[in-house]
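Heads up, the next two complexes both have chain A, just with different partners, chain B and then chain C.
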Partner chain A sequence: MFLEIIEVFTSGLINGSVYALMAVGLTLVYGVTKAFNFAYGSFYNLGGYFAWVLLIPLGVIGGYFSVFFMAIPFFFIVGYLLEKVLISPLRKYDDWEMKVMMLTLGLSLFMDFGYQAIFGPRIKSLPGIIEGTVQVGEVVLFQQDIVIFILSLSGMLCFWWILNNTRTGMAVQAVAQNPAGAQIVGIPKDFIFAATFAISTMMVGFGGILLCQKNFVDPMGSTDIMIKAWVITAFGGMGSIRGSLYAAFILGMLEAFVGWYFGMIHVQIATLTLLLVTLAIRPRGLMGRE
Partner chain B sequence: MLKINKLNTYYRESHILKDVSVSVDRGQVVIMLGPNGHGKSTLLKSICGLVEKIDGQILYDGQDITGLASDKIVNLGVTYIAENRELFPYMTVMENLKLGAYSKNARGNEKENMAWVASLFPKLMQRQNQLASTMSGGEAKMLAIARGLMSDADLLCIDEPGLGLQPSYRVEISQIIKEISRQGKTVFIVEQNIPQLIEMADKIYIMEEGGISFEGGKYDVLNNEQLKEIFLGL
Partner chain C sequence: MSLKRMILTLCGFYCVMGIMPLFFGGTDYIMNILIMILIWAVVASCWDVIMGFAGIFSFGQVAFYVIGAYASAILSVSMDIPPVFSIIMAGVITGLVGVLVGLPCLRLAGPYVALVTFAVHMTLVPFLRGPLGRAIGSGGSQGILTIPPIKLFGLAFSSDQLVPFFYLTFFLTIICTLVLVLMIKSYWGTAFLALKDSENFAASLGISAFKYKLMVFALTSFITGLFGALYAHYVGMLSTKMLSMDVFTILMIMMVIGGIGKYPGVVVGAVITVTLSQLLAPLGMYRPLIMGAIVVVLVLFLRDGIISPIIRLLSPLQRVVVEEE
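Up next, the complex of A and B:
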């Protein structure tokens, strides 16, 4: 029993760390632009397919090392272009936040069906980053899980560092806290919006590679990820990065324990119940402001 | 230094500024007086690229800056200091000041400007790790001015710094503006709650209903009983 709980806890921790990596990106976009990117889950899948294309048909030298190395600039550019080409033209409208939601919802459908058209409707599995197990006392851990945990944690630490120690990171926070103030000190909003989309797309793409190699690439799997990311963002407090960090780990644990005790079929209901109860008691979420 | 020709601005259906022409020379302190809601703030915001629909011409150092994006204008050395402060609430005093020097033109002189700001606002420096949202109205105002100075601007457009403040803060603000001007900065200020400022003014404008209704030197205002009473409460 005790051993089992440790295993469930570890699985919650690992999933939580990847969720945190992805949800923080989505929260950042919301915090800065006040618009919600509903195509976020489809970019998660883009991560999966990106890795699949490089590893299987192309058989890239260096394996996952090359995949991550190329994924960072690739997703940065994809996110940047997403904002510049599709989002930015909408910003001249008063209700552009609503228009962005509709656009990204459409984009998400387009991408999901695009994946089916290009890669076929069947799920694809990726080779594991690393095989084998480690034994700590009586607990057996997969090396793969340890790598996922370390990579998503380092991803988050990088993000945290960039946000708090670089001029652009501080400018991103400034726009999130007070757009008018940011404009006054001369922060170019256009650049910051595009940078925010670029960073968040990079994070979700990275998370997609990590989780898809653990599970599989499912062309219709984006909805599930989108719901998770949305629940974490709302539960943690819209726009609060610290809130979504906590929320991601709570959700990871909840999933693991509910799945273990009641069965996987109850996981989605449990997470949505958690969200509804939280929002009923505390509409601004765990750490949302105002 | 700053020359505005026939500026018109619009907000939704309203025509706010109507053919406003103003000129400010380098090193001057120019004060704009006038009743509330008649367009004074809009004028300052228009200069700094913070108003969307504008028409007319704004020349800064001979360069046409009409309709330029705010970040480009800040980079040219023009800064707006907002009446409602517009600080970054969840950042510390120091982080707010550093973001004041975000613009490219300010980065090279960040250290010197920080030292200058520290000498002008010793109280802010004692609170450098405090969050901006936890400061009192007067302190926050000081921080807004200090952040504006960090931008290394030559022209400071200061919007009602004394509004809603205690008399002691108003006196402090007038001393600070004197010092800013002594450093060779040009100050274009909307303010009518600080009579001491009039003493420093090189030129005074009065704006009513979106247009300039008076332009003159400080003695023109001080010698005109009606203007004195209406706008300075003297």
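Up next, the complex of A and C:
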């Protein structure tokens, strides 16, 4: 019993760390650009397929190392172009927030069925980043899980450092606080919007590469991921990076324990209940700004 | 849009719809499209009232539709309640669910409402397929296969005879459309416009945002549930496939084509979208792909929907009618 709890706990921790990576990307994009991205889960799947194409049919040299190396420019460019082509033209309308939601929902449908058309409806499995196990006392841990945990944590720390220590990162924060003020002091607002979108795409793409090793690449699984990322963001407070960090781990644990104790089918119901109760008590989430 | 114009446009539309069976009564394919147009037109109108007039980002419209359908199906299959009553009960149940969702939801800021309502939609699938759903009679992943047809005054309205069913739907559609038009043009509708323009100012005039939003949520979910139930008894079987993103997108395309908050617009949107989706049906899994692309393109390039150009085209005609009165 005790051992099982430890196992469930580690799986919650690992899921939580990857969710944190993805949710931070989402909360960033909402905090800065106020765009509500419903296609987020499809980018997660894009990460999975990106790794699959490189590793299985192409058999790229260097394995996951080169996948990550190529994923950075790929996702940055995809995110940047999407913002420039699809989202920024909508900004001139009054009801652009609603239009962005609709557009990204359509985009997510297009992407999901695009994957099905290209790769077929069957799920794909990715090879593990590293094989083997580690034994600590009586607890057996997969090395893969440890690597995923470390990679997502370091990805997040890297992001934290960029946001707080580089000029671009500080510009992003300035735009989040006051877009008009940022523009007055000479920050190119449109570039920051696109760059933020690109960074968040990069983070969710990474999340896809990391988590799809454990959960398979499922062309229809994107709405599930999207809902999870959104629930975490709303639960933590939209636009609050620290809030979504905590929320990601709380929900990762909740998912692991509810799935273990009651069965996976109840996970979504439990998540929604938690979200509704939290929002009823604190309408802006755990750490949302008033 | 003025009340007169709105009613004239709707009257014109429903008169044309009403005489359609005289020409196509024998063709089941076209009759099916016409019935679906009537059903979707009302569901999309409800969504337009929520999103466009009340300004609530509700993404739970399909969820309410499915709740209504399942409620009526379960009531009539498991409890042997005659479909006429079960449809009304399904509407009431959906309205109650709408209030339950609305109570926590409507105090939240815009995007949170979208998220929570959409989460309700996503949770319905595991709920209906899981043990909880099976306990109340949802049939799990198989769905409900033997939903009885509607019987009224000894007549059976089912998918075997499409013309009577068409007129039953037509009758209900007109009643619900009238209710919606009256609502938009009543004190309620004006209150919503005021709330949308400036919530603080409207509140200072004594308009309670929460009360009106909850009321419109209850009313639209009642109507949506009613039509979901009607649909259930029309097709005779239900499964959780109705909750797929495919259906959601079709509803959304109606809104985008018709224009958000341009009320009779969605009705035209429903005509175009239902026809289009039926024509694309042989493409199988490429249909949602194309539908998704259509949404992206339409949102980018169609600013206010197509109702405004149509109204402009028809305005000489309408002027003649108005002057004659």
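Everything below uses one rule, namely that the second predicted complex is superposed on the first by the 290 of 290 C-alpha atoms of A that agree within 3 Å, B and C clash if a C-alpha of one lies under 4 Å from a C-alpha of the other, contacts with A are read in each partner's own complex, and residues count from 1 in each chain.
We take it that a residue touches a chain if its C-beta (ideal position, glycine included) is under 8 Å from a C-beta of that chain, and two chains touch if they have at least 3 such contacts.
Since this is a predicted model, take the numbers as computed values, not measurements.
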- request: Once the structures are superposed on A, label A:163 by its partner contacts, choosing first (chain B), second (chain C), both or neither.
  value: neither
- prompt: Just chain B (first), just chain C (second), both, or neither: which does A:116 touch?
  reply: second
Message: Which partner chains sit in contact with A:268 here, chain B, chain C, both or neither? Use first/second/both/neither.
response: second
Query: Of the partners chain B and chain C, which touch A:187 in the superposed model: first, second, both, neither?
result: first
Query: Looking at the overlay, does A:231 come into contact with chain B only (first), chain C only (second), both, or neither?
result: second
Message: Going by the contact rule set out at the top, does A:178 touch chain B (first), chain C (second), both, or neither?
response: first
- prompt: By residue count, is chain A touched more by chain B or by chain C?
  reply: C
Task: State whether A:223 touches chain B only (first), chain C only (second), both chains, or neither.
output: second
Statement: Contacts from chain A onto chain C in the complex sit at residues 30, 36, 86, 89-90, 93, 95, 97-99, 101-103, 105-114, 116-117, 121, 223-224, 227, 230-231, 234, 238, 265-266, 268-269, 272, 275-276, 279-280, 283-284
Residues of chain C that touch chain A when the two form their complex: 51, 57, 59, 104-105, 107-112, 114-116, 118-120, 122-123, 126-127, 129-132, 245-246, 248-249, 252, 255-256, 260, 285-286, 288-289, 291-296, 299-300, 303
Message: Considering only the defined contacts, which chain A positions touch chain B in the complex?
response: 167, 170-171, 173-174, 177-178, 180-188, 289
Task: Name, in rising order, each residue of chain B that touches chain A in their complex.
output: 48, 50, 69-71, 73-75, 79-82, 86-91, 95, 98-100, 102-103, 147, 151
